[in-house]
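Below is a structure I'd like to ask you about.
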């Protein structure tokens, strides 16, 4: 078998004469061991063999995707820690809303990718059953030792119904769905960064290696990588649609339409894995523009919510406080000043509750720390969120090791098999 | 609050004057309790409130979908048990392949729907976190008691990052993906049954209540219900595509595009829940056509694999046995006879290994029971599969009860709230 | 028939007792004219009748969509004319690239919507055939006068193959595809305007009626309408996917899956028509922020291309000119000046070809007018493009009248029918 | 340029050093003609060049797809002619409905593919404009001769707005939409034939070259080719979704996401062209099973409609005739006889209108020819439909020649260019 593998890899085997890879191996083996070759297909069918191959392939692919997700999370947590002192505007409707810690923003993507890792781990488990013994669809007439096969191929479970095993491609769909969600979140991250990279926002500095420029306009930094990943998210969503449309309305048990699943799967894996990898490299070479972030926080009345909260703390009802501050902001806009530049006398015209301590309460640090709910952007909450993310990450590394330990080493399988006989 | 609810339900409230349901409630409350109404929005934002509403709604919806899946599984297991003596052809490429027990076929769909139930249970867990306290995106400035809120609303966890909580709609996607997979499997089941219902196959009898006919051709039984469900699987797959395309490339945190998620979600729920329900009713009113199944098993040389297995058991290599039987089948076709009608003398011309016991080995019962692998169609394996399915089903009923116990009873929430203060 | 219509519209008819609208009409008619009712279905089948209904409905729907597109084009051309003096940056990769006339930008969307109008006109033609006479699938046994029916129902052609007529839904797909492309272009337009509406760009002023704000931050203008339309583009693309997946792999001739086409079609029409309409209203209430546009053109070295073109006109090879200007821009960035602020002496250090006329050549007006290719942004070209757009628009109005003249007036059809008999 | 082309094709050029094909050509040319190379990019940008390349590529691709459609139509018309005497059941809801000529069935697909050819011709026209002169987005500063370029590259029109030209990919979407519709219709045709190929229907005989079998069951003919094409229809529909999702919400003018359009386009072309080609070959090697078709027409009461029509011709109201025949069919089913085996005395018990001529009116030939509407399945109508299809086909061949004459011969372009200067 090893000889055949080497011959295939060295390009010595001409594929044209064979119906598929299964026939090829049997017929090549026949040239070497004529009496053994005729027995190799005993107790199996191409229908259960292809599912076995796909499951083995998927277990590796899932572990590889998770490996990349883990590295991305690592990079994000690291970035959050290194930029722990930075604050910038959070946007709703692409309008400045409230100041948040940059770390808080980065950790919000950690939450998303931690969920992705959870999805991938579930995908791995859904691939962890041995389909051999299903035959073409009704089971096999040979008393093959499924427990032993499962042990050698490191499958944790045995399939329980042969017709289900050869007719389903749910394990592929589930994985491509996870890829689609990962790409979705990457596409949103890319969109954020493309906007942050405009000259108008200028929140980030992209490394030259990750953007194409224009030799004529050296200041122009086209975020090609980010745009390409955003584009590739459309490809992978399309792959999901392909596998779903492919299987829709197919009668049981097996139909050749299902052969197309491999092209779809390979496309999805390639785009997803490369996108996560390149994005992680990109992040590592991107810096936040401190000066610009600071300046950006000063405009846009992002302290208005905190101003209203100040009044509520002093006893005003929420809705009334909200309206009062609204009128003050309107006054500020007319006079082109900020809330903190508005004198106490003016403020008192709107409400007698304003006192000198108001100015401290709307300082950027105060605004940040005033978000007392555990999930908010106060330094304390974010520090805890960062700590929990790192703990989660540590568990993910262990999980990944565990998954990798359940993928067979194919170079040794034959040896194990011989030994066990 | 109860008064307002009653007024809405009785149609007394005119929606036109309000921006959304949140404003409506606040302003209607203001008419009744002017001093309290202004405080109702304290410590929350429409952004975290809508996520809370969606999660609460989804928990109910998921439990309802699972309830329908459980009933479908119940009906399938019951049908498998009642038709345990029936055998019919399994098809690959829509060509007769091998005989299988009808119960084996039905249980293969049980496997699929058991996986769906597993997906739904995971969906429920992904909805089990309290987002309140996230505010518009950065957390809330009010020290709201999140633990208490979670207890009252029966959420098991607290969201850990406010920006993630208000920006994600992954929980909706995950559920719609599960719906898509459920509809996929239903669409395949429908396809099978539509084919079985043709005059050419005639494997099943559909109850008149579930098909439209033609008054001019009373024997024509159009399987409308099955076709409609197959069609609806396309609608739900399109809903998945809608939510994925909707969210693609949206910058954080909140954008109004996300409002469209509700239309998509409601469509998916309605089509999925009604399809499972109607399909289950359909199954309960469908009968297998025993005579036709029996007759169908006799043609198509479905015993050829077993004939080859016979030779292998007698010592022939698999590939040689396969080719030998192929030549015999060709002979049978030329002479328009079946394998069991071929005399021993003739058989011996192809191989001296044939003996009188050959005829018993290709009887339909022998073919069935010869599939000795645990996942195969032997009566023993199928009985075990049925038993395991019933055990799984019992656990599912318990699971469903457990999920239902984690959905709050909204009529009592206000009371609980008051008591807790 | 008119009485029945009135009864349906006034809610007097209880739908429950009827299989479909065709049966309802026949049975309601039977109550009024028992002897006539039994004849109403002569020479037709529900299969050819539903196609007839859909085609008639589509012709109206297409004309309505085109009506909205024409109004949008009108509004765009008007806006281009009124803002003919405005210039702003064109973006590639969301980076400032070159200055263009605002009118040039608006007219680029006119091109897109003119193509949409062309698509809709083609859709109308593809609906212009009478399917009656196809019966259930094989034609009708009654010598119905198809020419007369076509004349009354204003169909220009007769279907030529009954099996094609009742099995195809291509006319629906084609129209939904057009809707998808229209929504695509609207979604891109919305994306542009959402970005232009950020505080960082501030290129446009949105009317208060078309955005929600925050009472606490009156300067915050959430472009809800634009976000909703961008979101609805995902819904319509999903509708296209639904109809495509619905029909995939359906055997001829008719299957009940096809009933679901109506829900899909109605959804697509509603979202598309309302989106175009609201967007047009939005445009009419949006203004460009002249001061901000002017200021924006001064930064970003958008005159760099023109500086290079200057050198090429003086005899330098393109690539060399490109590189030379690149080095000068780098110098400018280091010294925080613009190209026009760079002294001639400095420029001559980079190339002796620079002369005093260089400064005029990179004035914004010169940059604009230097784009001499007919499709470019020079005032002359844009004026011609505007003129051509208006001519195209005038033809579209005539086209629309022509289409409307080919839609039957249902209130008079019965009268026409009676007269013709 | 020719040298460079040869070097690329012979694998001598190492791609790694170049940003894209445009840079490669310029830099390779620089090695050969250093003074000319720097001028090659004058008056153009990669943004307008790539659109030019795509349009030229598409014109060829569209012509190739149309070429395949024309051959398929040719083969269908030929098949219809050769099987003009065959009749078989048309199906609704996969239930036997009415007898139709096999030619009528085949010509119904001709209608569908004739529409496809019309779509492709429209696609070709939408690609027939020269975008050069658009520059990066605002036009070019060089007075390039667009009329001459258009003449040399055989474009019939000039783009009128540079921002539209570089921002749109509608021409790709339109073509992929056409591919999707073609694949849809192929998928339905395949579904029909897969069903016809079951042992239960046995309407067709597939050539061994186009199906895989089982050496053990030589009678098993797996219609792999048909299943694969049905599967590939899902891939192409996914490609359409990919390009639509890719472009959704992209701001003007150019973003690198758009680079992914090529992968999507190439996939769609490859699958579509190969599917049409293989399907056409398949058809040429497929035969109808005359005996089986004949036998199939005798069961299923497909003459019931004609029996009712008989009564209507004798004066009975349609609905009453319909019900009367329904009762007779019920009687036949109970007595296991056909309509033509029911004696006149029995018939007269249901209606006195029955006479001896009834039996002739329900003979298969009578049923066929009774469909008097021009689109029906009477021999006369089908003959006319066939004749019209052939006329349409002849025009298509001319159309194809015309399209091909508008595709430039790239090997001679340089020569033309030189000559024109």
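All chains are identified by letter, namely A, B, C and D, in their written order; residue positions are counted from 1 within each chain.
Following the convention adopted for this analysis, contacts are C-beta pairs under 8 Å (C-beta built on N, C-alpha and C of every residue); 3 or more make two chains touch, one makes a residue touch a chain.
A quick note: this is a predicted structure, and the numbers were derived from the prediction, not measured.
Q: Which listed pair, A-D, C-D or A-C, reproduces B-D with over half its contact pairs identical?
A: That would be A-C, since it shares over half of the contact pairs of B-D.
Q: Pick the pair with more C-beta contacts: B-C or A-B?
A: A-B
Q: How far is the middle of chain B from the middle of chain C, if each middle is the mean of its Cα atoms, in Å?
A: It comes to 38 Å between the two C-alpha centres.
Q: For chain A and chain C, let me know how many angstrom lie between their CA-based centres, rounded off.
A: Taking the mean C-alpha position of each chain, the two centres sit 34 Å apart.
Q: What whole-Å value do you get for the distance between chain A and chain B if each is reduced to the mean of its CA atoms?
A: 26
Q: Can you list the residues of chain B that touch 2 or more other chains?
A: 92-94, 97, 195, 222, 224, 227, 230, 233-234, 237, 241, 244-245, 248-249, 255-256, 305
Q: Spell out the part of chain B that touches chain C in their complex, as residue ranges.
A: Its residues touching chain C are 19, 212, 222, 224, 227-228, 230-235, 237-239, 241-243, 245-246, 248, 255-260, 263-264.
Q: Which residues, counting only chain A, touch chain C once they are in their complex?
A: Listed in rising order, the residues are 92-97, 194-195, 197-201, 214-224, 227, 241, 244-245, 248-249, 299-301, 304-305, 308, 322-323, 325-326, 329-330, 333.
Q: Using the touch definition up top, name the residues of chain B that touch chain A in the complex.
A: 26, 35, 37-42, 47, 90-94, 97-100, 104-105, 107-112, 115, 122, 126, 131, 133-144, 146, 158-165, 167-168, 170, 173, 177, 180-181, 184, 187-188, 190-192, 195, 230, 233-234, 237, 240-241, 244-245, 247-256, 305-306, 309, 312, 317-320, 370-378, 381, 385, 388
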